[in-house]
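Structure record follows, encoded as structure tokens.
For reference, chains read A, B, C, D, E and F in written order, and residue numbers begin at 1 within each chain.
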Amino acid sequence: MHVRAFIEEMEQLAPPALAEEFDTGKIGLIVDGRTEVVRVCCALDATQSVVHQAIAASADMLVVHHTPLWTPLTSLTGRIADLMRAVLSADMNLYVMHTNFDRAEGGVNDALAELLSLTGIEPLSLGCIGTCTLSPAEISRRLGGNIRIWGEMKACTRLALAAGSGFDPALLHEAQSKGADAFLSAELKHSVARSSPIPCIEASHYSLEAPAMQRLATRMGWQYIDDPPVLQIIP
Amino acid sequence: MHVRAFIEEMEQLAPPALAEEFDTGKIGLIVDGRTEVVRVCCALDATQSVVHQAIAASADMLVVHHTPLWTPLTSLTGRIADLMRAVLSADMNLYVMHTNFDRAEGGVNDALAELLSLTGIEPLSLGCIGTCTLSPAEISRRLGGNIRIWGEMKACTRLALAAGSGFDPALLHEAQSKGADAFLSAELKHSVARSSPIPCIEASHYSLEAPAMQRLATRMGWQYIDDPPVLQIIP
Amino acid sequence: MHVRAFIEEMEQLAPPALAEEFDTGKIGLIVDGRTEVVRVCCALDATQSVVHQAIAASADMLVVHHTPLWTPLTSLTGRIADLMRAVLSADMNLYVMHTNFDRAEGGVNDALAELLSLTGIEPLSLGCIGTCTLSPAEISRRLGGNIRIWGEMKACTRLALAAGSGFDPALLHEAQSKGADAFLSAELKHSVARSSPIPCIEASHYSLEAPAMQRLATRMGWQYIDDPPVLQIIP
Amino acid sequence: MHVRAFIEEMEQLAPPALAEEFDTGKIGLIVDGRTEVVRVCCALDATQSVVHQAIAASADMLVVHHTPLWTPLTSLTGRIADLMRAVLSADMNLYVMHTNFDRAEGGVNDALAELLSLTGIEPLSLGCIGTCTLSPAEISRRLGGNIRIWGEMKACTRLALAAGSGFDPALLHEAQSKGADAFLSAELKHSVARSSPIPCIEASHYSLEAPAMQRLATRMGWQYIDDPPVLQIIP
Amino acid sequence: MHVRAFIEEMEQLAPPALAEEFDTGKIGLIVDGRTEVVRVCCALDATQSVVHQAIAASADMLVVHHTPLWTPLTSLTGRIADLMRAVLSADMNLYVMHTNFDRAEGGVNDALAELLSLTGIEPLSLGCIGTCTLSPAEISRRLGGNIRIWGEMKACTRLALAAGSGFDPALLHEAQSKGADAFLSAELKHSVARSSPIPCIEASHYSLEAPAMQRLATRMGWQYIDDPPVLQIIP
Amino acid sequence: MHVRAFIEEMEQLAPPALAEEFDTGKIGLIVDGRTEVVRVCCALDATQSVVHQAIAASADMLVVHHTPLWTPLTSLTGRIADLMRAVLSADMNLYVMHTNFDRAEGGVNDALAELLSLTGIEPLSLGCIGTCTLSPAEISRRLGGNIRIWGEMKACTRLALAAGSGFDPALLHEAQSKGADAFLSAELKHSVARSSPIPCIEASHYSLEAPAMQRLATRMGWQYIDDPPVLQIIP
């Protein structure tokens, strides 16, 4: 498939127009390589390890959620030079779907809602709210990592969720006003936890977003490369 | 003691000039009450619970680290109205020491370094670095909560730390260049963890900062009010 | 009446959407008190005297034109602490209608036009213009204070007016182009007077706006509290 | 005298470095005419009347306090075109001393203090404070126009003053903290009057600043042109 | 003709709404003179020479493309004072048509396209593209000055052009994507030339824009004043 | 030589502190390659041709005046991807000296002054002024390209110059006030030429700056790569 055809397919899957303004210039084909795309790999982040596995797999294209070129560059040195040297030398394309994929149908938030078997789903400004019958232990098991519950959570019937870093005071109030008993996301700040009107369930950023990339790979017949952060909890 | 004398004492302890610019207008005597100060309470946050305990203890003054009036207000409604109604009706003073106390001698970072028995301490732009002989399990025990280690940490001889939310890429590089084997702070973001040059030890914001307020209370003969966030880890 | 019902009534009277952008967050229920509203007081400014009279009258609600929380606050000290202590301790609600009431039908400018018996009224960007048959002496009498006429005013048939601080060069030119012989407002600056294309009639801010609050009180069955600035003219 | 020599003399009298930043580019020789300066006129404002009187007096130079080119221009039309046509056609120079003359020794504020026979003078950020033994009626007489006293003024021993538009909340508090019993200036806003910690004495802008220009003319042997605003007070 | 009628005619010719935002306040009647307009002169720039020739021709109105009051003024000194003294003393009107005339039908770009006998014209964001059968030597001859061709130009069938300073990277790419073989404009920067996807033909600003003013003069029965920059090429 | 040692040498030659603020992050080692530096090439611009010649010459380091990463990047596509692919794949270092080299002793402006045999040199804010005894024809010959003289130039004894794009109105006035008879630079705008107080001599950007890189190469024993823009003048 020509890379132009591949891009068109991706833009139907995750329309660029759905992206937040801060993603302008940071999504789509951010590094261009060879024009013929046959073998595709997919991961959450374009880490050194992911890039080398993709090259080793002779990938023509690597699709990721987080761009490695987030901060605008006027130089290529250190880690980012190494990464770009590997990608450019291999003539591998690099494609990013970020907030456009968060919001896309079948995208990051939908995948998370599905993973947690949510029903009766309503959208929020970011993420969604749905009925969840899973116990906290089962949520933790499905996410593949522990979760932390901040505040006193009694029964949770309606669960709000936003994959990634979604603990925003305005969003928490919106979720509460729509009947949420708790809010699931990542990267909770102390001040936000202190003023949250509902309990916050904090998981890792990776555990909330990686499932969407894995499902995308399965659906598209791509190779998924898993590369969770190395994490140890003590005690 | 007259409230003016109390303020002078506090300003010697944590000079306002040490504060970050974003703290302008948000530290010092932020709510004024009666002019005679005898009984003083102290806590990390001015939560509803802390304020009511201080009033119940007939405090003339409540000293906290985090102002409840962070976002500039043009109205007093909901939770903040309830909080201010309680403070103002009781004629209790409210005093805030924030980044000025972080940086003060004997302040938040010094208290944390002491709690972890650091030696050979050198300052960083924010926080410090020192030799730490404690095991991760012992660090966790002294902080009174679990810790999460991101990245592969071998032996850690030199530990960098910044109480509060200190995982900043520039600071992590500064710590590495000064020989740190790991960095202890709170509120680690996924993208920062991914690009950190050294392992990150993530504790809770409360566990890193509350010890300083407790030590301050002991040293000054005040009543310390502990109010940790309600937290449950699953599994 | 529940406070929510009261607010709805107010928002029909002076729709928030009519307000200038600089009033965002500064109008509506700016201090919340008890939820049941029976007794209502009304004044131009929430001065100490007005607040104490309202509390003495057991008001559940005080409606004013000028918010006492104009400058965004990160502390409550001095006069504003005293004022908020009184309001919050009494559990009295405080409601503000500002530029939305200026522009509302039957609002501040309409009340002023009516007080001066204007006919054949046309709107300006701010305020209005109409035929006025009153002598300057009669205008002064109705406003309850002296007026100052800057520039040479011959007969004035068509009078432009803007309650409050409305002497803006662009507005003065608009008024002239619509046939105004003079412009009535408050707080005239020297430089504006010097370049005005028509004579300026300067009254006090209070005398131009208070009549609207008084009329509103009468119409709604509320208690009006008059508190004009103390003023002495010499010689 | 060559115009360059005249400018040097003026810059010693009112050094440009004393001016507020907002005066940048708006003081000094703002319209240049013939290079030989013999006859000089002086006034507060460069009104049409003042400019024509100066031209009729064959002035080579007109010195004023308020620039007629305050708002930056990209066109010359209407009143300002008429004014500039008169000045340029007559080849008359136009020189402005504004906030640099306010602050200069012997400048606007000093002239006002002298006019009111102040003694024991201390500087403020803007204006000054001194002992004043004059009655309000005598102040009014010397200023040549009525004054308005806002707030309850008892005896006034120490009077603060700032020529022009000086009623600023921060300045009022500074004056109070330095012992002022009242503050004299022009263009008082309702909101400032309402929150002033001391009584405000409001005079006209012209009456406070014109005396300095008159004294300057006398001292330098120039012709002073008086052009007070036309004002009528009713009743 | 009354000056108002003249302005209306001009606004039909070059509607102000077509102008770029940076022209706000800088087009139209920028200096007003006598109200009766009979004799009109026209030039590209309002230089001293042009202004004096227009006055010598007893012009009531001078129409130019480039305003002499581009930088907002708070003083009138030096060259600009001399220029304005001449214009204002002669009571001559000065009218500017800038980017509105660039974009107008029959305006600057249309005149240039016509001069170069372009056919099959399509618009660009700025300027246009058309088929050009002229040799470079003939283009140079018609423009009345030499041209410089940057990059390797083979046959040029489709020529893009933008009168004035139009070598913008985005515009060059737009032209290329629409089939342009070369781009004609003025004031080419080294960095833009280096990255241009098509050859750049650089002429002088004057040679590209003056023809439009000359044609306008002919069409309206005005007197055209030519004043090209003095230019010498070596060797 | 280790790349760190090479950088130190370069920073003595052209200290980064001399650079304009807009060069922040855009000078120094902007692409890092192998750590051992033996063979060095040098050119004005990092064009595709220059980069490929440097790689063909097995250069470890390419030193240029103009960074190819001027516009901050969040993607690597098209021409810039090709360029970076070549540089990174070859493991070649890329080093930029820009405005720091303009101002350095023996830098771009000094090299130009030397090329034109200037004597009695005085610095300007940018560039310098000196006595020049060359005829225009000789200046053109030494620069290796034609020059254009705007304005009437009689004898030129004192010549001001600024390599690159230095025709700035303020700089032109500074040069005149210091006695310059003409100003030599590149990229002259029509509006600047029109208001220049002295004649402007316009050369190409390349011809003014490339000599400095050539001299630097000679002095350091590097290989200089010449790549002037392709330019044809008609007629």
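Keep in mind that, in the parts below, contacts are C-beta pairs under 8 Å (C-beta built on N, C-alpha and C of every residue); 3 or more make two chains touch, one makes a residue touch a chain.
Quick caveat, the model's predicted, so the values are computed rather than measured.
Counting only chains that touch, the fewest steps needed to get from subunit D to subunit E is 1. For subunit E, the chain with the farthest CA centroid is B.
Centre-to-centre spacing of subunit A and subunit F amounts to 46 Å, using the average Cα coordinate of each chain. The centroid of the Cα atoms in subunit A and the matching centroid in subunit E are 53 Å apart.
Multi-chain contact residues of subunit A (touching two or more other chains): 70. Those residues of subunit B that touch subunit A in the shared complex are 45, 47, 66, 70, 79, 136-137, 139-141, 146-153, 165, 186-191, 193-195, 204-206, 229-235. Those residues of subunit D that touch subunit E in the shared complex are 25-26, 28-32, 67, 69-70, 72-78, 81, 84-85, 88-89, 91.
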